[in-house]
Amino acid sequence: MSFTIELAVRFQDVDAGGVLFFARIYDYCHQAYEEFWGSEGIDRAHFFAGAEYLVPIAHSEADYRLPIRHGDRIRVRIDVARVGRASFTLGYRVTGPEGDLRVEASTVHAFVNRSTMRPIPIPEPLRAILLRHLLREPAPNLAT
Amino acid sequence: MSFTIELAVRFQDVDAGGVLFFARIYDYCHQAYEEFWGSEGIDRAHFFAGAEYLVPIAHSEADYRLPIRHGDRIRVRIDVARVGRASFTLGYRVTGPEGDLRVEASTVHAFVNRSTMRPIPIPEPLRAILLRHLLREPAPNLAT
Amino acid sequence: MSFTIELAVRFQDVDAGGVLFFARIYDYCHQAYEEFWGSEGIDRAHFFAGAEYLVPIAHSEADYRLPIRHGDRIRVRIDVARVGRASFTLGYRVTGPEGDLRVEASTVHAFVNRSTMRPIPIPEPLRAILLRHLLREPAPNLAT
Amino acid sequence: MSFTIELAVRFQDVDAGGVLFFARIYDYCHQAYEEFWGSEGIDRAHFFAGAEYLVPIAHSEADYRLPIRHGDRIRVRIDVARVGRASFTLGYRVTGPEGDLRVEASTVHAFVNRSTMRPIPIPEPLRAILLRHLLREPAPNLAT
């Protein structure tokens, strides 16, 4: 089960070269990630900064297939690519209006105890949500 | 006639002090501004970078009334506060979920010839759109 | 006594129109503001997020005189324009390599108690620093 | 031969979780990348947007080892990890004040003809610069 948001590329996210600045795709992916949790009824202020755990990003990567320009209406699709004991991996497919693949990306998120910063198991209710969105077979393009 | 967008404050737009970084409100206002033109059928790639004119911002200002935090669902309302010969002024009211005023802002936009960078009259079709959204009586708080 | 930083306009801070996105000048002004406190021996992590007070920005404004482009080496000069009981005003002059004025800006900063969010007097050691940088005669262009 | 810049983490680059937003490390790496070309006498406005070629980023990735916080003085070191016919790979090591490793990152840059968007060989003078900075033995951590 995937989760998808649609958004218009903002004027200010384009760089002096006239295309989306490469790092901004991560901003858009993270926006999808926030909406993903929100769509599952998770309070985002609590999840991101108010809980006993933190969920820092341990790894990020992106492959840029086709340029993205100002005003393009793009879709960011999230799939859960892996659920481990204390971390999980998300894959993102960013497509243009005709479904044309623009960027593939992935991020690894690790649960840690807020005080000790040591890894902790993914809390059960969150693990259940992640498993529900887990891709049956890892897409060939997703880092795991 | 006003134009309004709603959006959720992004994780990355909050600063080390825990509230929306003061400059990011202009990003959100500009996003409303883009959507405003889009809602009027104006092609944004053409308007913002592809036309014979440019529309640089000559002035911006904002008054911060109440803090805005991560995850807040805010509304950005645009009104046209002034339509001059070669420039116009927009006013923005940013409100929280209960309609509580968070920020008031305004921007002045000047039409210039792309080659000479000299002021030019606002093109007629665009002026007509602006006039349709012009506030009858300037709100007391809007810079003109 | 003024305080000045010099910086090169980053690739990603330019928008689809090919000039510095208007809101990014506030990012650069705030960078100068951080360096200003740092140059006075103030610990910035403490000042901005760790103290018993907060110093939210109550007002910001900017006048854009000349375009700023990618790679331009600009200087941001800060002057203290006003020191009140519980708030102060900073003025910024952003100039190009030939001293040509590109942007004038100002920000109003208010001290508040972190718990009550009520105004508090500017702490003495900080007031002393601000007074040392206070412009004798307010520059005509600075909002007070 | 490496190239290194030092910078202070800006207030606005920290997220609601209190650490550098993961995508902003790419902004800092790109800033080092700009300065790298500048230090070699390459005009950055020309290189990034004014030449007959474009150099889009084809891939980016980062491993986050330790958190980076507001005000931290960090160093970003660039090495050239690979020079191919039409593309090259850069590796970045981001360290804290005590030389402690915070982030490792890499980016792949491809030269393309501006009109056709087809790959073109790296222009000779630029290739010479890259080769001069090429790591003799690829660091084990750098994607190639």
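Labels A, B, C and D are assigned to the chains in the order they are written; within every chain, residues are numbered from 1.
Convention: a residue touches a chain if its C-beta (ideal position, glycine included) is under 8 Å from a C-beta of that chain, and two chains touch if they have at least 3 such contacts.
From a predicted model like this one, the values you see are computed outputs, not experimental measurements.
Asker: Go through the assembly and pull out the chains touching chain A as well as chain C.
Answerer: Touching chain A and chain C alike, sorted by label: B, D.
Asker: Is it true that over half of the residue numbers where chain C touches chain D are used by both copies, so same, or is it different?
Answerer: Both copies touch with mostly the same residues.
Asker: Looking at B-D and A-D, which one has the bigger number of contacting C-beta pairs?
Answerer: Comparing B-D with A-D, the pair joined by more C-beta contacts is A-D.
Asker: Fit chain A to chain B on CA atoms, both being copies of the same sequence, and give the resulting rotation angle in degrees, nearest 5.
Answerer: 180
Asker: Among the chains, which has its CA centre at the largest distance from chain B's?
Answerer: D
Asker: Return the distance between the CA-based centres of chain C and chain D, expressed in whole Å.
Answerer: Averaging C-alpha atoms per chain gives centres 29 Å apart.
Asker: Just curious, how far off is chain D from chain B if you go by their C-alpha centres, in Å?
Answerer: 34
Asker: Averaging over Cα atoms per chain, report the distance between chain A and chain D in Å.
Answerer: That pair's centroid distance is 23 Å.
Asker: Any chance you could list the residues of chain A touching two or more other chains?
Answerer: Correct list: 11-12, 16-18, 23-24, 27, 30, 45, 48-49, 69-70.
Asker: So how do the chains connect up here, line, ring, star, complete, or something else (other)?
Answerer: Topology of the interface graph: complete, with all chain pairs in contact.
Asker: Quick check on the complex: what are the chain A residues that touch chain B?
Answerer: Residues 8, 10-12, 18, 27, 30-31, 34-35, 38, 43-45, 48-49, 69-71 of chain A touch chain B in their complex.
Asker: Looking at the complex, which residues from chain C come into contact with chain B?
Answerer: 16-19, 22-24, 26-27, 30, 45, 48-49, 54, 56-64, 67, 107
Asker: For the complex, which residues does chain B have touching chain D?
Answerer: The contact residues of chain B facing chain D are 11-12, 14-18, 21, 23-24, 69-70.
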